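Following are the structures in question.
Same chain, two partners: subunit A is paired with subunit B first, then with subunit C.
Presenting the complex of A and B:
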């Protein structure tokens, strides 16, 4: 007795195959929509902005006149901000990840900490802006400075770096640690000589991706009261500054149509900066990744 | 092709030593000193009582095999000897394990000190993803040796000691991951020799290896016992019979029998030992 009847199977075959291709089409449309949006965005920005992309654009400060408006202060401000965020967030983030993965005993407290780190990663960035305003700008009297903004942004991306680093550290096989401990190495020697060298590619990739998020972030800086236009470059950690997204935001909201094109030019610069950073992350991942 | 022929020639020269030959060599003329004297040792993983009242006296310059079915506690016991078992957070112990007369479970005994004297070779070859040279030099370096000349000497001596020097001497700077599994395991043995240990613990060192590599490691164990005390966990009874002087049979976390290997395999006292070695279970 056969349960599967060949004639029935053949009769249903056509509709099954049709249904199969229908779903393929739906998924293809979904993918195309995302791609299409990206293409429209890029085409629009490039056609609008490329006219303003010249040497003067990089050499000029902000201005009331679209022709004289430049991105110098914003670009340098963004780069300087990144130079503060990178070491601060990396030292704190990797340190926390090492503590949680290698030192902390599994307890209710550590799983509570772990849960809160994951939750922090989902907190809206504007909330971090309010935190930074309260603690760094007012309580520690750092003002609307590079340092205050750098610390705020570091806190913002800290959870992402911690989680990425933890995953990289966890991916180092336990056999590697055992080999090291088995020869009488201390925990610190094992971490610096075995765990970190193997985890560094993952840690750096996560950190750079988090950094590029920080570079594109606007809301916390608005809350901190960072100016959108500046006529000078910051000369110390405590001086005022502005960043690319803020500058772009300012241009985009101006009534003159010409400023829309200036804003597009600014977006091109910001996107190139992000593409460079992401490329570095991919390069590091491919070059140093070790397989076990 | 030439290389291949050389390899086959080498494998032919390996002789399997019969148990009677081994016992002939190992009959002690004088009473040997004890390296690990375990007294009333108990170990729990959480609520699971994994080792029950273990009493074992392991002598120096002997190969001691620990056999038993899966889950009998043999790996747990050997990992207790260098306190590797403490890496599992829920482990609790009581009793004594005296290494050369000093209780390693005592509060004053630093694990780092113990593990410098008691080296370990693991079940799965676990070289570091570093060069062969850096793998061997890892141990000496963590113990503070920086002099390149001394390190060179240690690397050569250890690789020769693990009978792998001729195979790797021209590619010391290549990644150890490029070697075969059997070579990797001998690199791990060399890495263990580089810290100049007193005792070498081997946790099923050949279970991941092919038969030829297994023979090489077994022969190596025979050579090493002149200078080291070796404790080897194995689930391969023939291996225990071939290479060990004494054998301990573990079952359900207890030592059923511990005696000279020839006695265990010819005239076991306990019925359970006899059932196990004759293949009735396990």
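Presenting the complex of A and C:
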């Protein structure tokens, strides 16, 4: 008795191999199309913008002369904004995640909250801008300040941070918690000494990726009315400021062609900032993540 | 456990570095603005020497038209050289968006590329905000066609109306003049929140709908690209955008008058030459000395700055008039 009929296998082999390489080709094209777009974009931006990338570009404020226009106010504004968003969104986000994962009982209410958090993550950013305008800028009279923008952006990325933190907390094995309880630790001791240290790489990775989104975001800031034209650096939390994406958009809209190149230089700076942030996220993940 | 400590330490160290970097940046600014100050006052004309006498400080907040924004930016840039401690900031939410914030009491001045509307005046009254209108420059709303278009280089206002007003039909060039090609007209227009659109609406459309086929964009460079890339295209936008793209576009003469500095300033280029405005809050002018000083500086230098960024200055009397109105408000 023969289990494999060689002639039949050989006959079908050719078409099976062809079919296989056909799909391989399709996937290869899909990948290279994405890569090609990225390369074209990068080459275009770098060739256009590199001429303006010099020390003056980082030391100057906006200007009507393309040669004198600089990114100082926008870069510092973006970094400061990040320094507000990071603690606010992390404290609220991780706190919510701990509550939902460790304390809250499984009930209709918690699953309702859970569902809404997931939905909030998909709400367009401009809606958060309108919310921020009503609550922070107008009701709390924070004005178009760093603080108002920081709170708005924190709300925007909060759902992402909550979901990421929940995943990280859930990934800590139950046995570790039980071992901790078994040694007589309280719930709070278990959370601070067992769960959080194990979950922190996942939480930080999620937070930094969410922060990168906040840094590149323009729409909510436009709604808040964050200015673009200014010649000073913020000196308090209630100070006026501007950010990289706003400044880039403003340059790109100018009639003078030279300003398009200045905009490209701004994009390079923004991209470098984002690459640095993402690298930190990857570094943290690789260095501190344990597999169980 | 150890790693956890290491991590917090790195985070703390990182934060210190970032803060430290910010601190040194601040120090840089001070020295820098001082040198800029010296350079600027040296090259400035004498008429703004008086505004540089006393060192003022304070905050001035504005918003409004993106058309006026380049003039404001130039003024803010120059003013920072004269009064480095006055923090002037301005957004570019568009004329309508700017007025919305002006009505909410969030801004001291609002830039506009059209006069204030009736309903906006009513809202301001309701909010108890008194304002004063200042003219800062002229802009010639420029109708442009593709350079390959050699037929529609001189249009009358009626022809413009015929082209731009929606009447339910698909418009062809031959509808306007039978000798023109029988090809569909492609329209490019600024977005409806812009003062440029509002102004065109007022003088050409007269309340009727804009051709539905039109491509709208808030970014005037998109309109430039659109018209430059299509033989049958027609569009309109501020004079500055035409000025920078003369090689790619042809400006249409309106009733035989071509838009240029002279025809716009003299008002000969009509009805599309328009004044650009700054609306100032009266109470802010009275209470905030820095704002008063900035407005004074603006009116003294708006003409020169307007020309520098591609607009047309007003006749000198207009600025004098604005300055005396300002004087009267103090």
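Quick notes
In the analysis below, the second predicted complex is superposed on the first by the 282 of 292 C-alpha atoms of A that agree within 3 Å, B and C clash if a C-alpha of one lies under 4 Å from a C-alpha of the other, contacts with A are read in each partner's own complex, and residues count from 1 in each chain.
The criterion applied here is as follows: a contact is a pair of C-beta atoms (placed from the backbone, for glycine too) under 8 Å apart; a residue touches a chain by one contact, two chains touch by 3 or more.
These numbers come from a predicted model, not from an experiment.
By the touch criterion defined above, A:97 reaches neither subunit B nor subunit C. Of the two partner chains, subunit B is the only one that A:105 touches; subunit C does not reach it.
When the shared chain is aligned, subunit C comes close enough to touch A:59, but subunit B does not. In the superposition on chain A, A:194 makes contact with subunit B only, while subunit C stays out of contact range. Judged by the touch definition given at the top, the superposed model places A:176 against subunit B, while subunit C stays out of reach.
In the superposition on chain A, no contact is made by A:158 with either subunit B or subunit C.
Contact with subunit B, but none with subunit C, is seen for A:185 once the two complexes are overlaid on the shared chain. Judged by the touch definition given at the top, the superposed model places A:253 against subunit C, while subunit B stays out of reach.
In the superposition on chain A, the residues of subunit A contacted by subunit B and by subunit C do not overlap at all. Subunit A contributes residues 105-106, 173-186, 189, 193-194, 198, 290, 292 to its touches with subunit B in the complex. Within the complex formed with subunit A, the residues of subunit C that make contact are 1, 3-4, 7, 15, 18, 22, 25-26, 28-29, 32, 59, 61-63, 66, 69-70, 72-74, 76-77, 79-80, 87-93, 97, 101, 104, 106, 218-221, 238, 240-241, 243-245, 305, 308-310. The touching residues of subunit B, counted against subunit A in their complex, run 82, 84, 87, 89, 111-116, 119-120, 122, 124, 126-129, 138-139, 142-143, 188, 191-192, 195. By the touch criterion stated above, subunit A contacts subunit C in their complex at residues 59, 61-64, 72, 76, 79-80, 83, 137-138, 143-144, 197, 200, 222, 225-233, 235, 239-240, 242, 250, 252-257, 260, 284, 288.
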